[in-house]
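Going by the order they are written in, the chains are A, B, C and D; count residues from 1 in each one.
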C-alpha cells in the first residue's frame, strides 16, 4: 500500500480539523471522502478540499477503495460505527471516548479483534511535544520510580448546557483525558480513585447534576499517588500542565503560548497568556497522532493508543463519578482489560 | 516599652535560629537569655551572643525583667510551657504545633485568654515573600472567588526514624504547615478532608506506621476545593510551591534559588536547584515573623498568627490522619474554634 | 488567478526547504518545477514531490505556465537570474542577499521596476512568531520611542572554510540578517555603524581574512542606538534573541526550544537547549514568508520585504565591514534608496 | 583585634546605608562614629544607632580608638580624605570612584602604599549573588574561553540635573560600574573602547554636555569583545543583567524581583517588575562587601576590590568619554597599573 485512503465520518469541528490535516500534513494519507448526517456540512468541507461528500456514512464503509475511517461523529455513535467499520474491514481512528457503557466498549473490542483491523483512539494529548517529552524522560528512568503525578487541566470556558447534559459529566467528558494522561505518564494502571466535585462556575451545570470544578486523588498499581484538578472555566485560557515526581527527581511541562516575548512597562511585566483552547494548543498534536495512525496502518504495526487505552480511562472515569456522587468515598477501579 | 526583652526556651536548631535573628535582625527586640535542658547547649549560644544562659527555663519565666518567651523546646513541652508562661505574664511565641492533643491545646488557649498575653504560633511560611504576595493578591480579589488551591510541599530528605516515631505522623508534622497555608491563602476554613498515604521513600517509615508520601483533597467552607501533595524526600531540594485558582484568574508562587543564573552548554541548559531546606528557604520569613511578634507586643496589637491559627491546622491534620488510616474515606474536620 | 504556479531555481538545502513548504503548506501555491545546475539534485526533489525537473533554469523562465520563481541558487547568481526573471515577467522570491555589489543590486532594482513584477527578499526572521510580535508591539507604541535595540545572533557552528571564503565575510553573510532585523524592529534607517571583529573560534577563518566573532554599534536616523553581537559558534545551539528598549518600556524575545519541560534532579535543574539551527528555528517562518509572497502575488499587493529591504542591509554590511577593517572607526552608511 | 572599630564619613544616603549594615549585619564590625559636614545629618543617624556624631571628619581620623573609615562623602572629597586617612593609619573603604583625575588617584595609591593600610573600593555589584555566581562559573571554566561579554545597565530614573553636571558624565558616573563588572567577569583588562552617546531621555542632560543613553564596544587583552548599553531611565525599574559567552557555553544573570509570583488573568500574565533601584537590588551586596572588608582588615588579608580596581575603570571611562566625544572613534585605554 503506497497511501492510506481515508474517509472521515462527521464534518463537525474535529472532523474538519482532521480533514485539513489529512489533506496536506500527513504523509501517506490520501483523503478521499467525508460524510455528515447534515450533508451540506460534508459538502462544504469536501468542496474546499476537492474530495467526495455524502450524507450517509455507509457509503464510506461500503466503498472498497477506502482503507480507513476517522470516526468524528457524535459520541453516542462511536461504538456502533466502530463495529460496522471493523466488520467492513476498515482501519479505525476513533475520537474519544469509545463509549461510556462498558458493554458497548466490549462489543467494539470484540469486533475489532475479530476483524483484525487497526484501531486508534484519539487521545491527542499524548502527542503534545511537552507531554511526550515528559513521558520519555519518565520511561528512561529520569525521575526514578514514580511517586506522585499531578495534572492541572482547565478549560477556558464551559461548554453549552445542552452539551453538558449529554456529555457524561465532567469525569467522563473532561477528566477522561487526564486519566489517559496519568496512565501514559506513569506506565501504571489506576487502582483506586477518590473525587470531590463542586459547582462554582455556573449554577446551571449543578442543576444539570454535574460538577464544573473537581479535585481527584488516584492510587496506582505500582503504589504511586496522583492528584488532578479540573475546572470548566479558566478565564486566562486553556491551562494544561503536568508534573511527575519520583525517587530521582521531578519533571514538569508547562502551557504553550503564542510567542515567548516579555514586555516590561512602568505598570507591569507581561507575558503571553496560554493558548486559548485545544484547537490551538494541540494543533501539532492532532497532526502527530494522525501520522502515527497512518504509519501504523501502512506498515502493519501496533497503533500507539489502542482499544485498551480507550477502555481504561472510562473505567477510571466511572469510578471517579461514583466517588464524587458518594461525597468522595474512594472507589476501586474495575479490573477489566482487553489485553492490548 | 522601648524594647521587648526576650528569653528563648530551647537551644536546638530552631532556637539558635531565632536567637541569632532576635540578636541583630529584629528592631525592638532585646535578647536577654536562653535556656536548654542540656545546659551546655544554652551556654554555647549565650556566649556567642553575649546573653545569659540557664538549664531550667523556670529561671526565664520567673525573671521579671523578661517580657516575652520564644518556646523552641521539644513538641511535647509546648503546651505545658505555654501555660506556665501565660501564667507568668509573658508574651509567647511558640513553635508549631501547640500540641496534637485537643484538650491540651484547649488548656493553652484558656490560659492565654485568662492572662491576656500575646500568643503567636510559628507558621513561618506565611511570612515568605512569595506566599505573602499570593495571599495579598487573593485578598484583594485578584483571582476573584477562590475555586481551587494547590500546594506542593516536599522535604529534601526524610528525618531520622526516631523523629518520625514521635512526630505525630506526616499529617500532623509536615502537612500541618500546608493546612495552615491553605487557610491563609483562601481565607476560608477546611470542612472536609480526604487523604491517600503511601510509603515509597523508606520502608522503615512504613513499619513505624507512618506514610512518607501523600495526596490530600480538601473541601472549604466557601465551597472551594484543594489538593496537596507531600513527600518526605525530593532529592533536588525543598519543593514549596503554591497556586490559587479562581473565577478571575490564577496566581502561582515558585521555589527560591540561590541565584538566578542560567548556564547554556553543549550538554544542557541548567538553572539553580531550589534552596535545600527550610533554614535556607525561610530564613527571611523567620526574621519577618519575629518582627511581627515583637511589633504586636510593643504596640499592643493582635499577633498575625494567633491561637486559633494554632488550633485549626491540628484539627485538619487529625482528620487527614483518620482519612488516611481509613483508606481515603472523607472525614469532616471537627468544628472547634477559640474565636481568635 | 486561482493559484500561483511556481518554479524553484536551485535544489540545495534552502531550495528543497521551499519546495516542501510550497508543495503542501502554502495555500494558493502550485509548485510546478525545480531546476539545478546539478540536474540529478533537481530530479531527486522533483520525483519526491511529483513535479518537473531541469538542469537549466531558463526552461523555467521561458515556461509561460509559470507565474513566479524562487531563486535559491548560489549567491553570485541572485542578481543575474533576478534580472532575467524580471524580464521574463515572473514574480520573484529571492534568497538573501540580492548581491554584495551595489551596482548589481541597482540593476536588479531597475529591472524589477521596469517589468512591474513582485519582488520579495528572503529575510525569513521577520516572520518568526516572536520577532513579529516584538515588531508589532514596538509599532503600536508599546515601548514608546525606541532608544536602544539589541540583537544577539550566534550560529551553532562555523560553516566550511570554503563557504567562508566566498561568503562576503561575517558582516555581509551573517550580520546582514541582524541589520534587516534592526530596521524591521525600529522602523528607522541605520545612519552610522562601528564594528569590532575578532577571530576566536577558528584561526583558519582569520587567515581567510574574516572575523568569526564581532560586536557592532549602530546609530539610527531617529537617534536610537543599537548593539549587535555575533559568533560563528555557540556550542549550545542557535542563539537568536532580541530586545527593544524605549521611553515607555522594553520588550524581549527569547530562543525557541523543542519543548518546555524542566527536569529537577539531585544534580541540576535542566531545560531544553535552543533549537539547533535555522532550519529548526525558522521552519514556521519560512512557511509564513512563502505564504506572504504568494498572497501578495495573487492579490496584487506589496510584498512585505521588497527590493529596498534587500538593498539597505547590504549598505549597512558594507559600512560595518569597512569599520571593522579600519579597527572600529565609525562609518556612515551610504544613503541610497530605491523608494520602495 | 576582636572587632574592627569603624567611623563613617558622610551621612548621606549611602553613608546611612553602610551605617545600618555595619551596626547589625556585619560580624566583627563595631560602628563607633559618623561625621557629616552638615552636622545635624550625622547626629540624626548617630542618635538612631547609639553612636557618636561630629561635623568634622578629622575628629574620626584623629581618634586612636578607630581602626577604619568608610568614605561616603561627595566624590570630589574621596581622594583627599583617602590620603589623610591613610596617613592617619586607618583602613579605608571608599565609595566609587576614587577620583576622575589620574594624578589624584595616583596620589591616593602612593599614600595607601606608604602607610600599608587596607583599601577597598565600593564596587558593590561584584557582591551580588547572581553576578558573583557568573564570575565563579567563568573562572571555573564553565563557559571556556571568554569570547563576548554583555552588560545591560539602566537606571530607573535620571538623577537631578545638578548631580549630572558634577557627575563626570554618564561614562564616569554610571558606566564605570559596568567597566568594573566586565573586568570582574572576564578576568581580563580592557585595551580599547568605542562609544556612541545620545540624548533621548532629557534634553537638559544634553545641554549640560552629557549623554543619557549610550552603547559601548570593548576589546579585551585576551581578545574577547564586549558590549554595554546604558540608559538613565528605564521606566520599569533598575535593569541590571549580564551575560558571558565563550567557547564552551554561555551564562546569564537576570534582574531581581520582589517576589516570584505569576498572575494569570483574562487580560494578561503578569510577573513582578525588577526591583526599583540600587538600594533594593544591591541591599545584600552592600552587606557582603562590608563583610569582606571587615574580614580582610581583621585577618590581614587582601581586600577583594583594591586600589587598582579603583583605577582601571576610570581609565576605561576616560577612554569611553573621549571616544563618545569624537563620535565613536575607538580609543586605546591608557596602560597604567599600580600592581595591586
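In this section, contacts are C-beta pairs under 8 Å (C-beta built on N, C-alpha and C of every residue); 3 or more make two chains touch, one makes a residue touch a chain.
Treat the numbers as computed from the prediction; the structure is a model and nothing was measured.
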| item | value |
| --- | --- |
| Maximum centroid distance from subunit C, chain identifier (CA atoms) | B |
| Equivalent-chain rotation between subunit C and subunit B, CA atoms, steps of 5 degrees | 180 |
| Between A-D and B-D, the pair joined by more C-beta contacts | B-D |
| Centre-to-centre distance between subunit D and subunit A (centres being mean Cα positions), rounded to whole Å | 58 |
| For subunit B paired with subunit D, centre-to-centre distance based on mean C-alpha positions, whole Å | 40 |
| Set of subunit C residues in contact with two or more other chains | 234-236, 239, 248-250, 264-266, 272 |
| Subunit D partner contacts - residues on subunit A that touch it in the complex | 234-237, 239, 264-266, 268-274 |
| Touch list for subunit B against partner subunit A, complex | 145, 147-148, 150, 152, 154, 192, 194-196, 198, 200-201, 213-219, 223-227, 229, 231, 233-236, 239, 243, 245, 247-250, 327-330 |
| Subunit D to subunit B touching residues, read off their complex | 24-25, 129-130, 132-134, 137, 142-143, 248-254, 256, 258-266 |
